[in-house]
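Paired with chain B in one complex and with chain C in the other, chain A is shared by the two complexes that follow.
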Partner chain A sequence: MDPLFKALSLFRRRRYEACANVCSEYLEKNPYDQAFWTLKMRCLSQQVYVDDLEADEEGIAELLMDENTIAQVARPGTSLKTAAVIAAKTPGTSLSIRPVMQTGRPITGMLRPGTHGRPGTMEHALKTPRTAKTARPMTSSSGRFVRLGTASMLSQRDGPFINVARLNIRKYATICGVSKPLFEYILFVENDVRHALDLAAESTQFHQFKDWWWKLSLGKCYYKIGMLRDAENQIRSALKHNECTVDAFLWLGKVYIRMDQPLAALEVYRNGLDKFPGETFLMTYAARIHEALAEMDESIKLYKDVLRHDAINVEAIACIAMNHFYNDQPEIALRYYRRILQMGTCNAELYNNIGLCCYYSQQFDMTITCFERALMYSDSDETTADIWYNLAHIVLGAGDRQLAILCNRLALVSNNEHPEAYNNLGVIEMSKQNLTTSNIQQTKSFFQAAGANGKHLYEPHYNLALIGEKSGHYDFCYQNIKKALELYPTHYSANELFNRIKKLYESV
Partner chain B sequence: MTNELKNKESYNWLYHLHYIRGEFETCEKQIQKHNAKSEYASYLIGLIKLRQSDVKGAITEFTSIKSNETTYVKAIARCLMLLGRHSNVCELIRESGLKLSPNDWQLWHILGTAYMHLGQISLAKDAFQHSLQATNQIEPFLLLSQCHLIESDTKSAIFVIRRATELSPNDATLNTKLGLLLFANGMSAKGVDKLMQLSHLSANSPGNLSLALAVGSVLQEIKMDIDGALYRYKMANNFESPCLWNNVAICFASRKKFVAAVSCLKRALYLNTLDWKINYNLGLLNLQLRQFASAFHYLKTAATLSNGLPNVFSLLAICLENLEDDTNARQAHITATKSPHGAFPLPLLNYAIYLHTTDMDRDLAIELLMEYEQCWLKRRANIDFDENMIKTATKLAQALNLSSHMAWTKEPPTHHAIANSINDGHADSENKGNTIKEENQADC
Partner chain C sequence: MSAKEEIKPVIPNQGIVFQEEKSFYVLCKPKLLPLKSVTLEKLERMQESAQQKARQQMNEKQSESNQFMALPFK
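Our next item is the complex of A and B:
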């Protein structure tokens, strides 16, 4: 059989390793065969190909040494980075009803890259990656991408397939069939953004700036090395070509999100939807931004649109379910979650959510079973802690304080930084009858632990302030109430307390 | 050159000007520039530090002042109070403050507050009385009434607050407090009047939660003006208070909109899981909607959280009756009638009805009905006895052939005409749901 035909057939059947072997064999005989060379490059890049649109985590260095910031203090509703003060427009987004993530944004229905913490200060940022749980890469060029590069090297017996540093990029840029696979190879396998950028720049010049693919690739490279304005220019010029695909809109949106201009990103997605009506990716991305800006109604509308076009989109279902749950419709949320379950997803978080929905829609018999399932499926300590924490809530709902304390303690066993569990332990301790001094000291230390671990929670500070006022430690109370109000400026009782204490300071 | 030769204290007017304009930084800068060490400069720096909430810094500034004047002693005492060192406050004021000026109301006031936190209520009361001899400010009044309340001497508390309202008749919080005290302590008519008067004064001012709750619950319970109450609650413009949601739910329930009521109560419960009243109301509504398992769950929670109030147990028993768990229902009835909280009329009646319907023990039922009568005789003026309950009791008495002996039948004979089945009324009870205090803890 013709080896090229065989290799192509293997490639088409997605048996990349076998295909690469065939190619290597033939290349040993004839190192200058471009067909085999290209095919092997494509094999190797296919093996490690990731959807780089989604799998992308912002590193600390990019975050804190950000030169693209336009304003230190952005106007409300125009930034994703400034302290997220959510105006409680509707009960559904109020802080006392819908909890927030570490970023201070309303909790979302699905975990994605970037929903995890966005550290506020350098100090906090440097402290965070030390803990085992929030492994955030120091910069995005290290971490996961380097790992991808080294993993691909291992599968090769005799050194790297192409020595990129010695490649004559200008020559290969002119060979149309080779340049694109070569670009992907350099970007995905070698993860060498600088050379990929060189190649893309040469190629786009060679094509006299008429090929949108190269412009988009150039934009991606610029994005990866953090030159966001150049990336924006390239992708914008790619978008001028009529045959440009959805990808370009998504990338441009991503660039704007990195520049912290959510409204510009929304505009891009809207334009994209004009050109590609019904494109679910564009809608999903826009919905995510609305959600992060606490505009739940718009977000849910978009997610519902997504479901109209793509009825099995897990993210949309999960987010809609979450919204229903926090808007006092646990029954409807339950139906959405059940739909996800029917689609074959089966994990601890899902069972946990179903358990909560069952509990709040008064189907008590199902609740415990669901949580048992969730504990069974749970594979990370964080999730286990959350499940125990929820169980503590349910037990408290049945009036059993002792068991609630135990559940909260179990949550702390799994994750000894669980701030909500600390807070609730404090609240339960406070609600005991015949409080003694040691009870109060215990409560205080619980709340202090909660406040130290959960920078995004206002409750521990408020509770501490209450204790301070009751025991006459007004200074302590004042410091805490100020912190609570920073996190949640419209909390009614906190404001009342603040005004009472402030009077004492000003009456001197 | 001439400037520097001048007396340093001649700049005091400048510092004062900066300070009262709120230009704290400029003020500090000026003081540093002139290197002023005068009393007034230190005092101002202390005040500025206090405004920037640095109490310890302020206290060192104030203590660095050598001269012994009431103003400075007062400032130090206040700082100590802010830091929570109450015994030091008492010492300082008694040793030096009161010797300097024995009639300063502020000193007495601070002393009283410190005693209050130390738990020496009688001394605190004394201090506030002293303070009130020298002033007409309302703060001592408020704290004095609080002292009375701690000693559960409500009459004196009401008296004190009333005197305060005479002095400042337009203070909304003061008036709300008076109204609530009157309302809660047997003078409900006066309290209602007071609150209604207040509500007219502040009819359209949004955002006062405690007033809205007070006026709203008066409207819905006593004046039966559900629309007015709902309007009040809406004006409070606050959707984070569990009490508010609870009261809104009761409004809906009294209009027979049970679904809305249940969802309001659920939100209230979400906001405060540890309140037994919300659980109780939710149990009651579920009982009405014949969702007995749910009702059982909520009532059980209410029973544990309220430490076994008889009314809760009584409802729990009815719930168990409907779930056909006879032994436990009986047990719950017995617990409800024999609770350490004293005799409540509703559990007695419910138990009697239970005994009658199950044909178990006629003598015991009669005995219970007698006990119920005793309750009625003792507390007939109370709102505990509404018409429905009397009706039901009458029907039961008729069924037991005792109707002519009951005490209430001898008074205005209005309820005799009704002769339906006995069972229909026995599940209802008053909606105990109007808490006026704010909740203590934020659950998350």
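Our next item is the complex of A and C:
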């Protein structure tokens, strides 16, 4: 069989490794064959390709030594940084109903590479616990992609396929069939943004600034090295071409989000929707921004629009379901989650959610079975810990306090830093009928562990303050109640307690 | 009466009516787990397989060098 035909057929069937092997065999005999060279490049980039629109993480350095912010103290509603404070005040996302993630944002229905969100200050960013799942890279150029890149280099037996540093970029920019695959290879496999940028710049020039694809690529490269204004210019110029696709709008929106201008991003998506009506990606991105700004109603409205156009969009279903659950409609949430299950997704998180929804909509028979499944499917310690923690709630609802303690203990076995489990263990300890048997010292240390591991929780601080008041340690109480109120300013009982303590101080 | 007008509660202040607020310790709320997006799953899978490959190669290299070390001096 003709090796090129065989390789092409393998490529079409997505058997990239086999295809790359065929290509390298032929390239050993004839190193200058452009067809095989290009095909091998495409194979290698397809193997490591991820949607770089979605997979993007900001490093700490980009976040905090950021020179692009317009206002350090932004007006409420115009910045993603101040959103957490607003979220605590709005009823739909109130902290006493909907838990928050480590960043202080209300918990979201879908976990994406960028959902860590922006921490407020350097101190906060560095303090956020760095477990294997939540580690934030120092800069995005030292992040996950570079690690992936180095790993893929290691796994190639005879060194890298192309030595990018020695490539005559000007020459390759003029060969139309080769330049685009080469660009993708440099960007995705080698992660060498600077050379990719060179190639894109040469190619745009060669095409006399008439090819929107190169302009968009140039914009992407600028975005990756943090030159946001240049990225904005390039993508805007790409948008002037009539044949430009939805991608450009999405990328421009991303640039604005990185600049912390969510309203400008929303405007871009709105323009995009004028040109491409009913485009679900644009709507999803806009919904994410509304969610990050704690504008849940707008977000849910957009997600519902998404479902009208694309009824199997998992992200939209998951977000709507979570919103219903925390708005006191678990039975509706249950229907949404069941829909996801019907579509073939089946993992620990989903079964855990279905179990909780079943319990709170009083379908007790299904609950335990769902949690059993969730534990069976769980493949990470963090998830297992969360499942045990939720199970403790259900057991507590059934009135079995001893079993609830065991469940929380099991959560701590899987994840020794589970702050919510520590807090609940403390509460259960304090709720023992006979006050003399409850171990106040142990309870205190439970709450303290919870407060130290979960900087985003107000509950442990409030509980500690309550202990302080009951045992007469008013200073201890005052310090903790202030921390609780910082995290959740409108909590009724915390405010009452604060006023009581304040009166005592004033009378002294 | 329009629907918007608030109805004020009538709380009698005579007789055997008393009001007491007792604050108790707060539990953390049950946590629905966010699902993972396809991109995130793929990224994690890729990272894992890349790490495994790298580890495998390191082991191979190490065993090769061990063989070399085991050669007797002459």
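Quick note on the criterion: the second predicted complex is superposed on the first by the 421 of 508 C-alpha atoms of A that agree within 3 Å, B and C clash if a C-alpha of one lies under 4 Å from a C-alpha of the other, contacts with A are read in each partner's own complex, and residues count from 1 in each chain.
By our rule, a contact is a pair of C-beta atoms (placed from the backbone, for glycine too) under 8 Å apart; a residue touches a chain by one contact, two chains touch by 3 or more.
Predicted model only: the values in this text are computed from it and were never measured.
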item	value
Clash or fit, chain B versus chain C on superposed chain A	clash
Touched partner set for A:486, first chain B, second chain C, both or neither	neither
Chain B versus chain C as contact partner of A:462, first or second or both or neither	both
Of chain B and chain C, the chain that contacts the larger number of chain A residues	C
Partner chain in contact with A:17 - chain B first, chain C second, else both or neither	neither
Partner chain(s) touched by A:393 [first = chain B, second = chain C, both, neither]	both
Contacts of A:420 with chain B and chain C, given as first, second, both or neither	both
Which of chain B and chain C A:478 touches, first, second, both or neither	first
Contacts of A:325 with chain B and chain C, given as first, second, both or neither	second
Chain B versus chain C as contact partner of A:431, first or second or both or neither	both
First (chain B), second (chain C), both or neither touched by A:111	second
Location of chain B clashes with chain C - one stretch out of 181-189, 235-243, 307-315 or 325-333	181-189
Shared chain A contacts, counted only where both chain B and chain C touch the same residue	96-97, 99, 360, 393, 396, 420, 423-424, 427, 430-431, 457, 459, 462-463, 466, 493, 496
Complex contact set, residues of chain C against chain A	21, 23-37, 39-40, 42-43, 46-47, 50-51, 53-54, 57
Chain A to chain C touching residues, read off their complex	48, 50-51, 54-55, 96-99, 107-113, 115, 144, 147-148, 151-152, 154-155, 314-315, 318, 322, 325-326, 340, 345, 347-350, 352-353, 356, 360, 383, 386, 389-390, 393, 396, 419-420, 423-424, 426-427, 430-431, 457, 459, 462-463, 466, 493, 496-497
Touching residues (chain side chain B, partner chain A) in the complex	47, 50-51, 53, 55, 74-75, 78-79, 81-84, 86, 113-114, 117, 209, 238-241, 263, 266-267, 269-271, 273-274, 279, 291, 293-294, 297, 300-305, 307, 438-444
Residues of chain A defined as touching chain B within the complex	88, 91, 94, 96-97, 99, 328, 360, 362, 364, 393, 396-400, 420, 423-424, 427, 430-431, 433, 457-459, 462-463, 466, 468, 471-476, 478-479, 482, 491-493, 496, 504-508
